[in-house]
Amino acid sequence: MTILVEQPSGSRRKTGLLELRGLAVEYGFGPRPARAVDGVDLALQEGEVLGLAGESGCGKTTIANAVLQILRPPARIAAGSILFEGEDILGKSTDDLRRYRWRNVSMVLQSAMNALNPVMRVGDQFVDAMRAHEKINRKRALARAGELLELVGIDHRRVSSYPHQLSGGMRQRVVIAMALSLEPELIILDEPTTALDVVVQREILQQVEALKRDFGFAVLFITHDLSLLLEFADRIAIMYAGEIVETAPAARLAENPQHPYTQGLLRSFPPLSGPLTPLTGIPGSPPDLRDPPTGCRFHPRCPHCLPEQADLYRRQTTERPTLRVIEQGHEVACHLVAEGAE
Amino acid sequence: MSQLDPTLDPALDLSLEAPRRIRRGFHVPGWLALLLSNTKSRLGLAMVGLVVVVAVIAPWISVADPNGFSLLAARQAPSWNHLFGTTDQGSDIFSQVVIGARRSLLLGFFAAALATSTAAVLGITAALLGGLVDDVVNVLINIFLVIPPIPLLVVMSGYVQDHGMTTMIVVLALVLWAFEARILRAQALSLKSRDFVDAARASGESTARIVFGELVPNMISRIAAAFVLVFYIALLVDAGLEFLGLADVSKTSWGVTLYWAQTNSTVLQGEWWPFFFPGAALAFTVLGLVLLLAGIDEFTNPRLRSEHKPHRSRLRMLFGGRLATREEGVS
Amino acid sequence: VALAAALSASTPAATNSPIKFAAGHKCLVMTGSGDPTFIKNFNPYTATGLPSGSFVQGAFYEPLIVTAEGGLKPVPWLARSWKWSNGNKTLTLNLARNAKWSDGQKLTSSDVVYSFLAGRQDKLMDRVGLTGAGNEINSVKARGRYKVVIKLKAPDSQFIAVTMNRQFIVPRHIWSKINKVATFNNTRPVGSGPFSVISHFTSQDYVLNKNAHYWQKGMPKVPCLEYVQASSNDAALALIQSGQVDWTHNFVPNVEKAYIAKDKKHFHSFYATTAYPISLMSDTTKYPYSMPAFRKALSRAIDRKTVSKLGEYGYAPPTDAIGLNGLFPNWVTDKKVKARAKTMSAYSPNAAKTILTGAGFTYHGSRLYDPHGDAVHLDIHVIAGWSDWVHTRRSSRRSSGRSRRRARRTGSSTRTCPRTRTSPRGRAARRPATGFTSPTRRPRSCSTSGRAR
Amino acid sequence: MTAAAPLEVQSLTKHFPIGSAVRRAHVHAVDDVTFELRPGTITALVGESGSGKSTVARLLAHLDEPSSGAVLFEGSDVSHVRRRRDVLRYRSQVQIIFQDPFGSLNPVKTVRHHVERPLRIHRVVPSNQVEQRVHELLRTVGLVPPEDVAAKYPHELSGGQRQRVSIARALAVEPKVILADEPISMLDVSIRIGILNLMARLKEEHGIAFLYVTHDLASARYVADDILVMYAGQIVERGPIEDVLSEPLHPYTRLLLDAVPDPATKTDAQEIDLRKGDTSAAVDPSEGCRFRARCPLAIEICSQTTPQLVEARPRHAARCHVTAPAS
Amino acid sequence: MRWFARRLVFYVFALWVALTINFLLPRMMPGSPIDGILQHLTPAQLAANPGIVKTYEALVGGGNNSIWQDYITYLSRIVHLDFGVSTSHYPAPVSQVIGQTLPYSIFLVGVAFFLSFLIGTGIGMFAAWRRGGAVDNILVPTFMALSAFPAFFTALLGLYFLGLKAGWFPIQHAYDNGLSPGFNWEFLSSAFRHAQLPILVILAAYTGGWMLNMRTVMINTIGEDYVTMAHAKGLSDRRVMTWYAGRNAILPPLNGFAALFASAVGGLVFIEYIFSYPGAGLTLQQAVLGNDYALAQALLVVLSVCVIVANLLMDVLNLILDPRLRTG
């Protein structure tokens, strides 16, 4: 894998736990690779729950994989850097990387149901993870695996089960327990509940919250279910077509969304209580990342992008908006907003 | 003798069977365009094509009678007069090889066609109907897989007096259909669970139409793969039987030339050409088919595709710029 | 036999002198061709193939008189001398007095009488037709310990050459106790022959050691015989080429190059031209083979020279139409007959055509139609693996060029008519002549023999 | 608009055999389900995964045959019709839309094929008008320009567009009933509303009776008029959707409601009591309430007799001994 | 375990069907093979084995019995391993001939197939792991081309170049002449030496199949989430390749074992023929050429049984490797 690192210019800012700078990831070779992630800046503080929301295919999983450095060809990091505790992990040796994975950052995969090796006992998969990082004998590792399972509400005797003997929700919880096994600073939850029933989903989220309180890890929570994030995350980043278009504290985002895309997303969730108003969703469909629209990537679907406003229209269609701080902790990449702020 | 029994994993993604387009409105079946866009299958296609061409023009490039004998010309090493040398009897091996290509190709083709159609009808219908029909077909398939085909053929050819082409085709198809049926049934089973089959049923399509109108078009590449598979297995097995002397050894075919080479102990006499050329021709054809199959496999399973950028310019030269590409298709 | 298109015959045998390989071989190593894997059975009566076929019969059990193929003189063996009397109906045989069985017991006239009459004990042991309808033997009696008298019902010129050749002598004290000969495997044979001990036996080779009690002084000259299984001509050739085997008796294509050239000094071969010729036998009861003209035309349509060259690598010369001059050169004395036999075997498509058209055959284009108006097909069946035979068929295939013929592989059994099966030598006897048969029905009249390879 | 329900379901039951011939068990995927679909009404069918929602839809679509019970179409039982003509007649009135927009269209066939096949099978319009009708249908579901869309293959469409094709196909036969099995669950959030709005519009304009199978209560509330809540093969609650959602009777409905994240009512201390799911409640169930193992309100009688659906409020029924006791 | 029980039932059934096919085969063919058989035996031999004609009739038909009678006789004889007498090995019973030849074939195909499995799956696994690497670019095409070669052609080439020209290997028989089969070093080493060339040919012919199979499945497996997860856990590459990807990827090829093994058993006919290796394959070829129908048919049955047994072993292995089968 070729790793192109564009050193960020300028002095080192004070960084949090994890910081992505100008991260770009491409899929495929040749003249027109798909830039699934394009110039993403994102920072995560210790103990924080950062939500990452966006439509399918906008690059959420790709970011997660990049953070753990488990991208496989044809994916490659085309630009940017990934700082973990101030250290760029892109330059790390294979061995250092191996140690960094799971010990510092662990991950619950998007389809955690399939994340367990079907031919290995659950306990052994815990043992594998532990023994890859520390000297611990099998018996003690198994004992600890049992404790971890109890933490997520599964009988410790289940260490000797095979994955297929567990239900989907249980498997999900096993993976979460496994993600905890080395007490990492950051856990990435990539749509941990998409395939599950609402009741099970609720159950798992409650458990994660409880665990977070006990262990104090930070969470990068990836989902396309914005309503879930609003409830669960401290801060939310909205992604569209490989770019971050808005970040804000959860409450603020719910009350005062700035980007038309965010607004559209919020309008896509009918409420469960209160008055019902006709919703519109967002017309159109996400762009092909091999050939993204010029200018603002959202402009073809944007209700505020009208040829009548010629000047704005020209900027929207040719000039890429950048993230601007419009208020403490609230950043938006939108020509409209920039216009309004000035 | 299927030495190569490629994994035709039924769970593979089939959505890629969708047709590509050439220019506006002109549709090329997706598989053909893909076949030409894959390096392996292109090479395979070229190799098989070469053999086909040779077989077609065989009468014009060979001597009148490939089995004609001549005292003067016996046991000659390859030379300009006899490209592939001559046999113990002075027959021209080149002629035997090019004429032999006809029989091999025809036999392989028809055996494969017969086996494939049997397998497709049985396998797909069984999968679709399920229940008892499926159980019976499935057990039948598995039983055929348990009886070793070559010994079965060897014993059968001991009984069959007539080793004519038709008989051989039928016999080969009878023994080999299960290979394909297994693949196609598994494939159809996985397709059957797709909603579009139920959707077609819900909109009132008949079973026959679902099989031939909805399922089969989706399985073209699988069926093609199965066809190619049986094609070369049939080639190999037939040549093998001839080589063992279990066929009509007065015909002209690769296996028969090999048989005579073996019978005349040419190997032990240090004459390599009587067995090398027909053997190489057989291996060449089979390799071409294997490559074709590998190509089909690759485009059926996108994960197998190697991630090289396509050599489009060279392709253009080869195919006169009429090659369909994905970009042109999507409007 | 109306038509004998003499092709060629018998076995070119390759030999190499034991000298060179003496270091490596203790024994004289031999092989045949197309032998199935060996099964331990040395019962000479149930023998069809090796190891208990004629080769082993000879090693353990001997006849009284040996007559070689080709009309040669009978050689005294266990019977040192004999005398015909009573108008050639009584044969008196004087046995060797020093002959012993390998277990040390003496071989006497009672053993000989027992062997001749053993068919009465078990049909399977009948070698002389004693139990058959055509039994020609009146009595076999011992006169003293070393004299045997055989009385025939009628004089028989072939009695010594054929019948006696077939009858080997077995020890009475062993065989008379065998209940069921068919299932007796005789794994520790007691015989009078030069080899008596099976020192080694596996499915792919066996070794026979010298008989310590052998009656012929100084014989045998080799300490042991090893017989190696070779599953085909090809396998046998590989064995002799590499010197692993000293002697074989199978067909070697192009023997000069394939074998002798490897070691000119030690590798030799010979081809028994005195054997029965390879011939086409037709079932003369079947139309159109029943038409002499058709057979004549066939004979003239065969290019025997080419057949000999291509089919037999020139080992065996073409014969005339009678085909006996290799075997019995002096039999035909009439010059006119000789000349006619020669003409009848001379290759001449035109002559063949003339004969055919003269007999009512017609040609449509290049196809031949018989007088009934049916197209003529010749089915020629050959034995797969007998390479020389198959060749012969192939090279003769085109020579008459006009009729469409199909050749088939058959096993040795079905469509062959062996008419010559008296040779004492295994190979020739096992080699049925190729028969031309009618396209429709196969001859039921002829029996079969041999096996395919 | 007449109130006569085109489709009525009475005591519909479907058991699937599982396990071997030796240890045969039955999943009571659908057990004694009764409801009706009224014209111009969207009825939502919700429940957890495996509760039998899809099976109900498939039974109604005549894709599976019920073990017992009846499906009354305009008064006559159609659950066991076999004659092709009868089946076809039924299919021309009742259509189904599937969950997976990728799976429910044949990848090698164009959009045109999908929409025109039902037209031809059922001879909805003379064949010279098929083309025109296809375009009309595509326009109805919002696929424009229809000429372009008709020539496309499914893989050239986005998920939302594909689901619209499915709807167009269902509409082609001018059905009275459309069964939509989770039509939006696999779509992107931003385009779900579009499909829901389309359904609402068709209901209005064509008077179609919809069965909307979903596990998303919020979307059900958005489009549906009535709701059926299923648990372990049984309907546990039934009623007008606003009534049910605002004042659920059955503890399972309440559990569902509590579990759904709703930003509008976000409260940090909203910890709810979740007992372990009993996934095998529908496998050879014994007498008693199937929810009892998870139920916070469970009392003794719950494990003894199976509760019946009882109308505790007007048109609002539940299957619970505690909240809707049989009087 | 229920899965295994089902397999067992199937195998018994398959065996029965194979026997029945075997029974029907000669009856469906034109002509009457019984004559062919009887012609090989002299009247004396026939007279000596009064039961033999019955056995043959049950085997190939041609008697006056009804087909059902024949069938019953046939099955009961086969249960008693009575396949009649081999005409080409007269007077040995067929079972003795098979008993003598089969071990060699089992040895040959067992060793060769096991090796080809190990090597093939090993290479396939590695090639998939390092896509585009040296192994993938060199070994994979090589083995693929080799497997496209007809087995008998490869065997001929091996015989010519490695056996004759180079003289590295013995070119026929199962062991050196003069040795007796037994469990002693001399014999075993000789047997191994004689098996080398045939084994090499089988390897050349069949390794490619395993390899391609394994490679394809492995490539799919590598895309599975549990492999990604194993990477994310920071496991070493080796561990991920073998225990996470490899362990799972090997299961489908094992399931395809039946077809491949059956075809390898078929390949034996050619290889044994060319190397004059005294196994069941060569015996089968000679039996058919020699119209020894009894032997040929018995061999077909026995080879089918071998394939079934091999399948059974594979199922056991599958059971060990795949917990889903054990508990599912």
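In this document, chain identifiers A, B, C, D and E correspond to the written order of the chains, with residue numbering beginning at 1 in each.
One rule holds in what follows: contacts are C-beta pairs under 8 Å (C-beta built on N, C-alpha and C of every residue); 3 or more make two chains touch, one makes a residue touch a chain.
This structure is a prediction, so every number in the text was calculated from the model and none was measured.
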Between chain C and chain D, the fewest steps along chains that touch one another: 2
Most distant chain from chain A, judged by the mean position of its C-alpha atoms: C
Of C-E and B-C, whichever chain pair has more C-beta contact pairs: C-E
Distance between the centres, which are taken as Cα means, of chain D and chain B, whole angstrom: 48
Between chain D and chain A, distance of the C-alpha-averaged centres to the nearest whole Å: 33
Whole-Å gap between the CA centroids of chain B and chain E: 23
Sites on chain E at which at least two other chains make contact: 131, 164, 273, 289, 291
Chain C, residues touching no fewer than two other chains: 238, 384-385, 409
Complex contact set, residues of chain A against chain D: 55-56, 167, 169, 196-203, 206, 224-228, 230-232, 254, 264-265, 267-274, 276, 278-283, 285-286
Contacting residues of chain E [partner chain C, same complex]: 35-36, 39-40, 44-45, 47-49, 87-92, 96-97, 100-101, 164, 171-175, 177-181, 273, 276, 278, 282-283, 286, 289-291
Sites on chain C touched by chain E in the complex: 29, 34, 36-37, 39, 41, 43, 45-46, 48-49, 122-124, 126, 180-183, 200-205, 207, 226, 228-232, 235, 238-239, 244, 384-385, 409, 411-414, 447-448, 451-453
Residues of chain B defined as touching chain D within the complex: 14-19, 25, 30, 194-196, 198-206, 214, 217-218, 220, 330-331
In the complex with chain B, residue positions of chain C that touch it: 233-234, 237-238, 241, 252-254, 257-258, 306, 309-310, 384-385, 387, 390-391, 394-395, 397-398, 406-409
